[in-house]
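Order as written gives the chain letters A, B, C and D; numbering starts at 1 within each chain.
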Amino acid sequence: MSLLAPPFLYLLAAVLIPVLGSRSRALLLLLVPVFGLISLLSYGYGNHLVIPMLGFELTFVRLDKLSQIFGIIFSIAAFLAAIYAWHVDDKIQQMATLVYAGSAIGGVLAGDLITLFLYWEATAVASVFLIWARRTPASYATGMRYLIIQVLSGVLLLAGLLLHYNDTGSIAFDHLGLVSLGTWLIFIGFGIKCAFPLMHNWLQDSYPAATVTGTVVLSAFTTKMAVYALARGYAGTEILIYIGAIMTLFPIFFAEIENDLRRVLAYSLNNQLGFMVVGVGVGTEMALNGTAAHAFCHILYKALLFMSVGAVLYRTGTSKASELGGLYKTMPVTMVCCLVGAASISAFPLFSGFVSKSLILDASVSNGYYIVWFALVVASAGVLSHSGIKIPYFTFFAHDSGKRPAEAPMHMRIAMIITAVLCVFIGVFPGALYALLPFEVDYKPYTVSHVLSQMQLLCFALLAFVFLMRNGLHPPEERGVNLDSDWVYRKLAPGLMPAIVNAIASTVTSAQSSAKDAVVSFTRRVAGISRPGGILSVNWGVNSMVLIVTVMMLIVLLFNFS
Amino acid sequence: MIADQLPALQIVIPMLAAPLCVLVKRSNACWAIALVANVLVVINAFALLHQVRTDGVIRYALGGWAAPTGIEYYVDTMNAIMLLLVSFISCVTLVFAYTSVKKTVVTGKHYLFYAAWMLCLTGLLGISITGDAFNVFVFLEISSLATYMLLAFGSDRRALTASFRYLIMGSVGASFILIGIGFLYAATGALNMVDLAQRIPDAESQRAVLVAFSFLTIGLMIKAAVFPLHGWLANAYQHAPIAVTAFLAGTATKVSLYVLLRFFFSIFGPNYSFGAMLLNVVLLPAAIVGFLLLSLVAIFQTDLRRMLAYSSVAQIGYIVAAFCLATQSGLTAGIVHIINHGIIKTALFMSVGCIIYRVGHAHIGSLDNLMKKMPLTVTAFIISGLGLIGVPLTVGFISKFSLIGASLERGWWMVGALVLVSSLFAIVYVGRVVEIMVFRSSRTDTPEPTGMREAPMSMLVPMYVLIGISLWFGISGSTTLSVASEAAAALLGGYQ
Amino acid sequence: MTDKPAKPIDDKQEYTPLAKRFLWADSSSAVERVIFYLSVTCTVLFVLDFIIHRHAYAPGEGIPGFYAVVGFVAFTLIVLGAKQLRRVILRNEHYYSPFSVDAENYPDAGLDKQQYQSSVDDTHDVKREGG
Amino acid sequence: MKLYRRQRHRVLQIVTKLIIPFVLLFALYVQFHGDYGPGGGFQAGVIFASAFVLHGLIFGLQRTRQVITPSMLRVLMALGVLIYLGTGIVSMLLGGNLLDYDFLAHDPKHGQHWGIFAVELGVGVTVTAVMISLFYSFASKR
């Protein structure tokens, strides 16, 4: 029976993948989330599956209302992604999807830090295959960067949990708070996966590099698992409020000028995470409700947006705004679904974003964080600008690109329509969602003043868009790469400061050539000595080996006789 | 009755198999003899481990001459583990060797190959089981000489130079060890390990003991391929027949590490080795620089075997670093990693063996899209590669987890942090190979080798046996951890 | 590789019924009309703010037209700010290549590029590109 | 007198023929006297092998190879080890530890005698074989 616990079910199915035929694999992918959800709901609240491992008692299923809602939405997301990926006939992607979704669910069900860590790393390792599955050298490089950052997050979590264990003697995953070095490390580990500012680039770097279906899968799990972890361990940590506020604001600017639509969505994902992080930081029951609800809605509409952009990519071969336009003529269903997603993320009344985001806004304002609240309002207008307008407008309308792709395949349309219906359903009947939230909800989203203020905000923002377009002030879509903080490790560090050295050296002309050479050659030298034929990996001759022995002997004698 | 004779049988069986192979001379028959002997040895080792864990230390006097006078075999949990590990790895690699040896070794010399293999096994088991310092040297020489021969069986001409280099370095190392033992004998008048351990505290201040200590340090570092003295290893592993590489990678350096443990913990005692003698001033930096630098070197390698060889040296760095903590948990971590690394590295070299068997070389750059042609082999490589990185639920994770935990417990943060850094390197070098094998499509300009298919069953089965065990150990880490911590306690407790 | 068909199939009669409902997007007069409706909506919303008393939590939130101004100004500033930001951070698409996917096309193996055909036609006539 | 190539060292050859049996005999003496006086398998083996080395030097490698062939040497090598180990195993079968000669006869003293005798024989055979094959491989032109 324990094998049928949700995370194990997924892993078990993943093992079956290699031996199944093409269609039965796709079917398996579709069925596993269904059974996973049934299995999840069949557990009562409390700890189950406590297994001794590594000398600890590990709790594999800890079900309460907080983990339940994340478990449910993860199952739904896995199901929708499976429909959307019905056409995929790639064992590696299918296996990675199952392991990834399973370990994400395992992560939110984990009752202790070690189990959490196990799944934390499993998501990292599994998900990178969705990027590598694109099978280009560039996606390999991107995947490698992604993997290293994800594993780094896991490593920090591991270090933190060991310290925490040393301090407290407990591995329980409950409220941690920023009280010691250990908890700080865990916090940073969570922060990396949650794409905190300056740790966010992996997200924008990797999501556009994944496969069409891979991005849809990726968008659902990693970051939301981190949000859950933060909500579990660091609810009410004030620093999160400000981190969240910054997260909602700065990606807007990048999203606005980014050309690759999947990267626009990645930035917008970052911005939406900001709302959730603010909710965690405020930490009241209402705010945590808001975080959970927003995560729920967000997974749906972000998946919907990624699906529609993915469908366009699937049919046209590009997701660059500058190459697209006028597609509504031949992909109307995709367009309508995209509009629903856009309306949801922009929080138009009757769409899902409206009923969840307002919980967080209200929580922040009622706790007196006015500046943060104002930042969130501004960010809401910003969300409209890039996800609400830019994605559908530049893809399906704007100038006609002359492309007449066929409508998305049937299974993609089905996936998108179901997701769109869910978005609208939650928007219209928020009670259904509110019933799932971790705490008692006493909130009415549809009040006159609330609807009015939101409509004002959005309509006037639309008006501003019209105004800007009319006056030619809106930045045109251009091909290109926008720098972000990953520039530091992708350009600055590898090119390693020849520029800086140059600047210094030009003032100190005498040192110029030597200093520059030294720094430029440093990176090369590290590689140089390690390459085959380099001093470290050359075939050492007997003479030099014996010389080393002698030197070592001298050193040893020196120490032993001192 | 036979239960009393287990320690002797452990050595006698493989030693008997060697001359039998020479007499029989027919390739398949030799293999069968060696395999039967090996299976018996595994069972024997298992029984020994069981016996030790239930009844405590076993002391077996050879020829009936009691301990300080005669040679004795001394079995506690620590060397029972080593016996089981060595004989088991030898057993699976021997099964694996059946097919691959036919391809690489000249037909008329198979019987010599298997005889040398059995002698090597005898030597390694002997080192592990004996309780006599000089006997260690004797068995060390038996295993080394057999190893030189096994290495020279490589089909590549460079195998000869590699073997010769190893011969020189191995002899230097063995002489250092011999000199060390000689000095110890001069200072204490004892060769029996238990006896030595009792007498050394009185002779501690003697110059001879100090010199002996230094010689043993260097000698064992060479034999175990600890960082600056690892030069012989990469070549030897690259050019030897791949079955031999798999065998040696899992056993030879591990046994040397065991001897290191024996001498520095049981005989000299941790207080002397790591207190008075500042052994960690020498070993710890060497270990740390080793695992950092050689993980880096592994990234840049173009030959798969060489990459794994450098990764081996890096892993030895972890083990030595764990020893240097000189605490119960540190030793446990080191011993667990000896077991775990032995298993996964052997599995890795086996998968490389499968690749070489079918592709004919192990040049990383041209293994593109191998997943299509040899899915089982590549899967095995990926699983054990993940173990090498230390991904959770693999054995590597257990090792790294306990190593980092131990270093934090000791208060050496940096060691733990650096281990993590070098794990990131491991991700790169394993990931690079996996990416090429799984995702990179074949280049169009090279003609597709026709008829490429999965490696034969006789190679796949032993590989998957190892992988199954590694997964089992990875998922229920408590099995190995509890045994290893018993062993560590035995080592720290000194001889009873 | 060009994604443009030799001759775009652009007979508006062949679009699906759903697509036909959006054809106004191509006519400038219709767009003008939409913008007009939007302006009317905005005006109405703005006026409503004076009539209906909104519940205010934050200081200043109660001022009539608060959200309208914030919406308009924030949007404008974001767009203009982003435009300035682009001047600083925009680089050539090949800036990071070959280590980034920006400059490369999505590999055709993962795609199913199809040109539109009227829905009357059978799907097996669909003209495939690439692949 | 014209000497054929093979006859050139006739004196040496004849003297050698005379000496070799004594060398062998001396080797056997050293071998079997080893348990009482100085000597034993190692020394005896070397002396025994030296007879063949001498034969090889005087009569040429070809003829020595016919006297004792390399494959025979290999058998002898293995055989020596087997004798050695066999003694140990027999002592184990008779209820003692490995190589515990006390059990080889009724009287432990006799047992020791027999045990050392057998073990030294094994050593002697192996050392002889190894020495000769070393000589073969160094002396052969390959």
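Just so we're on the same page, a residue touches a chain if its C-beta (ideal position, glycine included) is under 8 Å from a C-beta of that chain, and two chains touch if they have at least 3 such contacts.
Remember, it's a predicted structure, so these values are computed and weren't measured experimentally.
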{"item": "Any chain in contact with subunit A as well as subunit D", "value": "B"}
{"item": "Of A-B and A-C, whichever chain pair has more C-beta contact pairs", "value": "A-C"}
{"item": "Computed distance of Cα centres, subunit B from subunit A, in Å", "value": "42"}
{"item": "Rounded Å distance, subunit A centre to subunit C centre (Cα mean)", "value": "23"}
{"item": "Averaged-CA centre spacing for the pair subunit D and subunit C, given as whole angstrom", "value": "97"}
{"item": "Distance from subunit D to subunit B - Cα centre to Cα centre, in angstrom", "value": "37"}
{"item": "Subunit B: positions in contact with at least two other chains", "value": "none"}
{"item": "Multi-partner residues of subunit D (each touching 2 or more other chains)", "value": "none"}
{"item": "All touching chain pairs, where touch follows the definition stated at the start", "value": "A-B, A-C, B-D"}
{"item": "Subunit B partner contacts - residues on subunit A that touch it in the complex", "value": "18, 52-55, 92, 117-118, 121-122, 125, 132-133, 135, 137, 140, 143-144, 147-148, 151-152, 155, 158-159, 162-163, 166, 526-527, 530-532, 534, 536-537, 539-542, 544-546, 548-549, 551-553, 555-557, 559-562"}
{"item": "Subunit D-touching residues of subunit B, taken from the complex the two chains share", "value": "1, 5, 8, 12, 15-16, 18-20, 22-23, 60-64"}
{"item": "For the subunit C and subunit A complex, residues of the former touching the latter", "value": "1, 3-5, 8-10, 12, 15-16, 18-19, 21-23, 25-26, 35, 38-39, 41-42, 45-46, 48-49, 52-55, 57-59, 61, 65-76, 78-83, 85-86, 88-93, 95-117, 126, 130"}
{"item": "Contact footprint of subunit B on subunit D as seen in their complex", "value": "74-75, 77-79, 81-82, 85, 88-89, 92, 95-102"}
{"item": "Subunit B residues touching subunit A - in the complex, by the definition given at the top", "value": "165, 168-169, 172, 210-211, 213-215, 217-218, 221-222, 228-229, 231-232, 234-235, 277-278, 281-282, 293-294, 296-297, 299-303, 306, 310, 371, 375, 379, 386, 391-393, 398, 401, 404-405, 408-409, 416-417, 420, 423-424, 427-428, 431-432, 435, 438-441, 475-478, 481"}
